[in-house]
Amino acid sequence: MKMTQRANYLRPLPPEVLRALQSFLEEDIRSGDLTTQALGPLDTRATGTVFARSRSIVAGIAEAVAIAEMRGLSHETLAFEGNWVEPGDVVLRLHGAAGTLLTVERVILNIMMRMSGIATKTYRLVERVREIAPHVRVAATRKTTPGFRFFEKSAVVIGGGDPHRYALDDMVLIKNNHIAAVGGISLAVRTAREYVSFSRKVSCEVRGLDEAIEAVEAGADIVLLDNLPPREIERIVETLKDRGLRERVVLEASGGITEENVEEYAVTGVDVISIGSLTHSYVSADFNMRLIF
Amino acid sequence: MKMTQRANYLRPLPPEVLRALQSFLEEDIRSGDLTTQALGPLDTRATGTVFARSRSIVAGIAEAVAIAEMRGLSHETLAFEGNWVEPGDVVLRLHGAAGTLLTVERVILNIMMRMSGIATKTYRLVERVREIAPHVRVAATRKTTPGFRFFEKSAVVIGGGDPHRYALDDMVLIKNNHIAAVGGISLAVRTAREYVSFSRKVSCEVRGLDEAIEAVEAGADIVLLDNLPPREIERIVETLKDRGLRERVVLEASGGITEENVEEYAVTGVDVISIGSLTHSYVSADFNMRLIF
Amino acid sequence: MKMTQRANYLRPLPPEVLRALQSFLEEDIRSGDLTTQALGPLDTRATGTVFARSRSIVAGIAEAVAIAEMRGLSHETLAFEGNWVEPGDVVLRLHGAAGTLLTVERVILNIMMRMSGIATKTYRLVERVREIAPHVRVAATRKTTPGFRFFEKSAVVIGGGDPHRYALDDMVLIKNNHIAAVGGISLAVRTAREYVSFSRKVSCEVRGLDEAIEAVEAGADIVLLDNLPPREIERIVETLKDRGLRERVVLEASGGITEENVEEYAVTGVDVISIGSLTHSYVSADFNMRLIF
Amino acid sequence: MKMTQRANYLRPLPPEVLRALQSFLEEDIRSGDLTTQALGPLDTRATGTVFARSRSIVAGIAEAVAIAEMRGLSHETLAFEGNWVEPGDVVLRLHGAAGTLLTVERVILNIMMRMSGIATKTYRLVERVREIAPHVRVAATRKTTPGFRFFEKSAVVIGGGDPHRYALDDMVLIKNNHIAAVGGISLAVRTAREYVSFSRKVSCEVRGLDEAIEAVEAGADIVLLDNLPPREIERIVETLKDRGLRERVVLEASGGITEENVEEYAVTGVDVISIGSLTHSYVSADFNMRLIF
Amino acid sequence: MKMTQRANYLRPLPPEVLRALQSFLEEDIRSGDLTTQALGPLDTRATGTVFARSRSIVAGIAEAVAIAEMRGLSHETLAFEGNWVEPGDVVLRLHGAAGTLLTVERVILNIMMRMSGIATKTYRLVERVREIAPHVRVAATRKTTPGFRFFEKSAVVIGGGDPHRYALDDMVLIKNNHIAAVGGISLAVRTAREYVSFSRKVSCEVRGLDEAIEAVEAGADIVLLDNLPPREIERIVETLKDRGLRERVVLEASGGITEENVEEYAVTGVDVISIGSLTHSYVSADFNMRLIF
Amino acid sequence: MKMTQRANYLRPLPPEVLRALQSFLEEDIRSGDLTTQALGPLDTRATGTVFARSRSIVAGIAEAVAIAEMRGLSHETLAFEGNWVEPGDVVLRLHGAAGTLLTVERVILNIMMRMSGIATKTYRLVERVREIAPHVRVAATRKTTPGFRFFEKSAVVIGGGDPHRYALDDMVLIKNNHIAAVGGISLAVRTAREYVSFSRKVSCEVRGLDEAIEAVEAGADIVLLDNLPPREIERIVETLKDRGLRERVVLEASGGITEENVEEYAVTGVDVISIGSLTHSYVSADFNMRLIF
């Protein structure tokens, strides 16, 4: 298991996502851009130059380009998603009627600022982890903004992170509440194993060593070590190794992991560190558009 | 112009918003909650207790209740939106099949965490401003997450802020790019004034004193003082007063205003301070759900 | 406040409207144009010439062109929206497969006939008012056909009218029913003023002089004089002038105003006359399409 | 072929129509009813009494009731669709929160006013025709408001008229443009006859006697006598009778038929008279809602 | 009444169908084609060659081409819908990025395989019937896959069959359950006749000779002889002829008709034989796509 | 890996599926059930008894019940999904207005007939395999009817099969076309492994022994043995065992497997046998509804 920064290209966007982008425009424009209407056609040709105002890993260019194409604007991209941009760097130029540029400006910036903010936060965490544990992945969770998950998960990937499961139908993830409802880890994992398609993985949340062993022996593909101190995690990893169970399973740590303590978790021997705040609490990167006539 | 904290009740949600909540569930559940399916019916009756894990102004309860009703869960609310909750405080109890509770948990928490995070940030800024300038409003901008604007604007209101315009068809807001395209502030304001319905306001962005005077004299309802230092804003306010123009217009300051410097702007004499980071960069409040059988 | 007839150009249509036009085609075509299918491909190139059969202010050309583009037809416009056309005048030529022209014909005509009918009625009223009171606006109301509001409000604007508020979230409009529920005009206006964003206007319906004064003093931006005789309206205007309150407020007259009595209202000194029948009762203009092979 | 006034009951509305009603609410409410929000919860229980302000055949009660149910209002109907109501007559009472009543008022009235206006116009024409030609039907056309066809066609039926075809996939209707494209009536009718399902009818527009005979002999189920003077229509009817062709076909007259001249067409011996203005130009009936606390 | 195989061309697809095709892509792709993403851009230009692997009447080419166009692929069609193709025959070539070809492959094949399977089954039945009764039509029913009716009905037409009614609003079809509810065939047919638009046909299901006569005399356009043995049907046809009623009505046989016994029904003298298994039970034709770089 | 028949209960349907069911009703009903309308209210209370007319594994009861609830019908279920029903067995009783029962009848039957047909075919294959190889799973593919995948995959599960991946974003499945594009199995598997989330499986299609070994050594979770004869598959299984690679991987056989030859594949030692015809070619089970007043 190894994480690599992929060469960047313009990600193809699935049809469902194009429809979402269309609805984002509709949310902002509704019955029309009153200002542009009020000031006349504003059909002078102009260039909208999107540039960075803060240092960040840029993301959301594919979305910006798709919106431009929906509204008949031509475009040049001047930066690659996943790379650093510095304040003042131009990342995108859009050409077309001034009125159209002014109408799409906000939606494009709203997407790029959020996606770049997430990509930047992810990249920083990934870098910190990679230096001391090159094979450990930093993963997001399902703590995403409703309706915006695709973009937030994509930003995590652009920042070098692992998107984790996308929705409730991807993977089995047995949490404490499920275990309580079913009556035991072993029973829960075996039941899931039998029911679920061979094409899916089964993950199980555990609260300590004994539960971890029980989950692995019952056939879990992934064991999620939730809210355990690094010391305890290390002990679990060692014990699993001693018992010859380590190779059978992916180990994931989660719960209260931040930029401050991520390194302590990175050296415990787990495969994956998942961090909810990658998508639920971040600082948007700062981008702006300048209009040139 | 005065801002009051309104008594809280369960906000009615418009049909468009109910459809959005439905689509949020679909985004997360898609073809089905695999874990719940894999572990059997899980139709034991249970109670899902939503409680705070951080201090925050709680918001999003109306949305949580609406989702519960869509899925046939009964509910009790134990906190009012817009009030402080402390770690451990229970804000909501949902009753129904364990499987259903586990299926809606994440979407409900994702909404409440974000809305409460925004309400809390807004409240802190509003409080700070109110102490020194009781009539000044703190307003959001259109820098919202695409597809999630309703919820973010509502959270600002719950936190005591002003939602500002909702979309491009609400109000005329003439920015520098528009002025450049049209050829002058006075012409732009007058053109907009004539074109736009009497039911709408016309706002104009200015970069200094002369432009401010020009905008007011041309008939702008609102003058947006963008990226100006507090000292300069003060001078503009004074000059407008001297010329008898102050009463004709609402003055709004924006650009680079943060929790650190908001007080400097609050005392300049403006009516409104608008802050993009209310919705583009905030820390989600921490809520969780505990299942009791 | 002044109303000007704007130079006409091809109005840009927001994405939401393009989706509506698409759904209008779907409503009419459903599983397919049976006649065109039954008679073979009908892919001969032809020209569909849309011409007037009655004198009218033409409107709906932007919509016709958008539909043509959705279905791959090329187009020439021969008239400007907002101008008079005479019987026989060609306003639009569409080029493409005969089958496609026959399939879109009805939807295009249905839109143009209604929009032109409304624009014509509006124009006639606006003209009549302008001659005797050049600064008074003629406004529509929310009495529009459900699902067709955008097109009806646009037609009013094309005819020289004021579209008034678009939907319930645009502006506060306190009606008698609200006042009864809240318990007084002054309380209602002040409550609304405090609650609502600084970016919105507050309008209040009144039934006589005392209420008008109460509304203005409470801070209403607009006072709606509903179902009052012209004589009474005049008296209110005068009294407000005498008290120095006239400049603070936009005065709107409504209720039972028709082509016959509009002039009596125009001279009362109000700023706006709003007329529901602009959109709820009008004669469609007559347009037809001739096919040339 | 005979037209009967059906006993009225609450028409069941198909799911597609319920969705349309939902979207009509969304068009008007959008992000929320600002006035109701601004004035507080307004959750006092109240009764909204919908009453007539003009004499009309009432229609749209099923739609009003469906909207009430969507928003949790209870209801009593006091009139039957298709019956006359007089000014002052109460047709519907809705009970629930004052805020909800105020929010749905406009959409309900907009639907009822239009549907009742159409039903009234239709009824008047049907009555006039029935007195002198009891078996002749008065039919609508596809000249309906885009997005609102279901409601306009339903109103025609409530007024005693024939809705004619609903959309392009219902029936084959060969018009002059089609005949020109195909190269002759006989060929067009025969081609359509062979292609189209046995479950559909084939109608053919003709411009005179010879074409009428050709269409009937080619197997048209319906012959549409378009823009012909009553005298000419009579002659065609007689000739078809003489040749023993009359019984094979339904004869429909259309084009320029109004309330003024409909009787001249009614006595020509045709089966159906179709009139576009039933749906494209009518006066809305006047209804209003009074709130009682 | 005669059934002809029409010259084939690329059927135009109505907007509603294009939206359905879009949703089919979304169903399969959802948040993205993981394999194509995982393996890099895969933007090498390639050709996807769609070829037959079984003998069949090909159908679904219009749909395949529409999907290709939605995703920016160019295309060449090498076969006509409605013609036989042999194993190995290439029917379509698509050109574009390898990744795009791999992403749309499955949806295109899923549509073509089903539509061709239905067209082939229909064609075999039509051929068998035509040899012995050239004017008898083979018709489908409403036993189609929910959401896929347009494509299945179109495939029936491509195979030379009659699509029958499309939906519940097309034609009146009085079944035994309706007759029981209303209280008699004659009453039911007459009631329907009076209520329903002159533009629609009225069909009535009967269980024997007396009912058939009753239905015809009451004015049914179509009489559906359901679940009757060929011998009995013959007797009904003869009796109707003897009574001079045969010409007034279309006779349709249905119920338990298969490839094995269809000929027995074809010679009974009915006009239409309808067969549910055309769309509810068929073998998909086998098509595949080969990628060439 | 073991496959078990799960106890049946009423499957909960996700919101996306409820919307699909709603759209299925809209497809069939459109502007209204003409027959029910034409015959009057038909609001007599009645019972619709859904019964089997062929022996089958019943499926689709959850969908039937959901549709009944959408239309206000009450219901009793008399059979469990996944169990055999015999001709004449009643599986469901619906109670409500006769008109409503007649309106939903066809959609309910269309779903149940298809789902039961697939469940029955699946069950037969599963039974045959289980007797000789109890741990081998029978899996479906993505060869489903567009728009109907959820229901077809669910029917496979009800019949005891494995649904396999749901959509392109579930799992990586590297096919020959991908390998050709990337340049080798080992490179493709490793690239995918690195790129894709740890929560997903990677499957690779191979054409023989060497490729199988290469795929396993590169880290594939699943190896898909496509279009290989049983003898060859056996040899691959043995060789993998000899090399100690068998435990690392799930082996899946596919291509040309039918009811006739499935047993030959079942004994080869693979874990999964996937069969496209489970969903692309099946005989619908026969169900009907009888109305009792």
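In order of appearance the chains are A, B, C, D, E and F, and numbering begins at 1 in each one.
Note that in this section a residue touches a chain if its C-beta (ideal position, glycine included) is under 8 Å from a C-beta of that chain, and two chains touch if they have at least 3 such contacts.
Computed from a predicted model, the values in this text were never measured in an experiment.
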**Report entry** Fewest hops from chain C to chain F - one hop per pair of touching chains
**Finding:** 2
Query - Fitting chain A to chain C on CA atoms, where both chains share a sequence, rotation angle to nearest 5 degrees - result: 120
Query raised in the report: Looking at B-C and D-F, which pair shares more C-beta contacts?
Result: B-C
Report task. Would you kindly tell me how far, in whole Å, the mean C-alpha position of chain E lies from that of chain B? Result -> 53
**Report entry** Rounded Å distance, chain B centre to chain F centre (Cα mean)
**Finding:** 45
**Report entry** Centre-to-centre distance between chain D and chain C (centres being mean Cα positions), rounded to whole Å
**Finding:** 24
Query raised in the report: Considering chain A alone, which of its residues make contact with at least two other chains?
Result: 6, 29-33, 36-37, 40, 103, 166-167, 169-171, 195, 200
Requested in this report: Chain pairs that touch, all of them, please.
Outcome: A-B, A-C, A-E, A-F, B-C, B-D, B-F, C-D, C-E, D-E, D-F, E-F
Query - Residue ranges of chain F in contact with chain D within the complex - result: 22, 25-26, 29-33, 36-37, 40-41, 43, 70, 99-100
Query - Of chain E, residues touching chain C in the complex - result: 6-7, 9, 11-12, 14-17, 19, 150, 153, 166
Report summary line: Residue positions on chain C within touch of chain D in the complex are 20, 23-24, 27-40, 42, 44, 46, 98, 102-103, 106-107, 109-111, 113-114, 117, 142-149, 151, 167-175, 177-178, 180-182, 188, 191-192, 195-196, 200, 202, 277, 280-284, 291, 293
**Report entry** Footprint of chain E on chain D - complex, ascending
**Finding:** 1-4, 6, 137, 139, 162-166, 169-171, 193-195, 197-201, 203, 222, 250, 252, 271-272
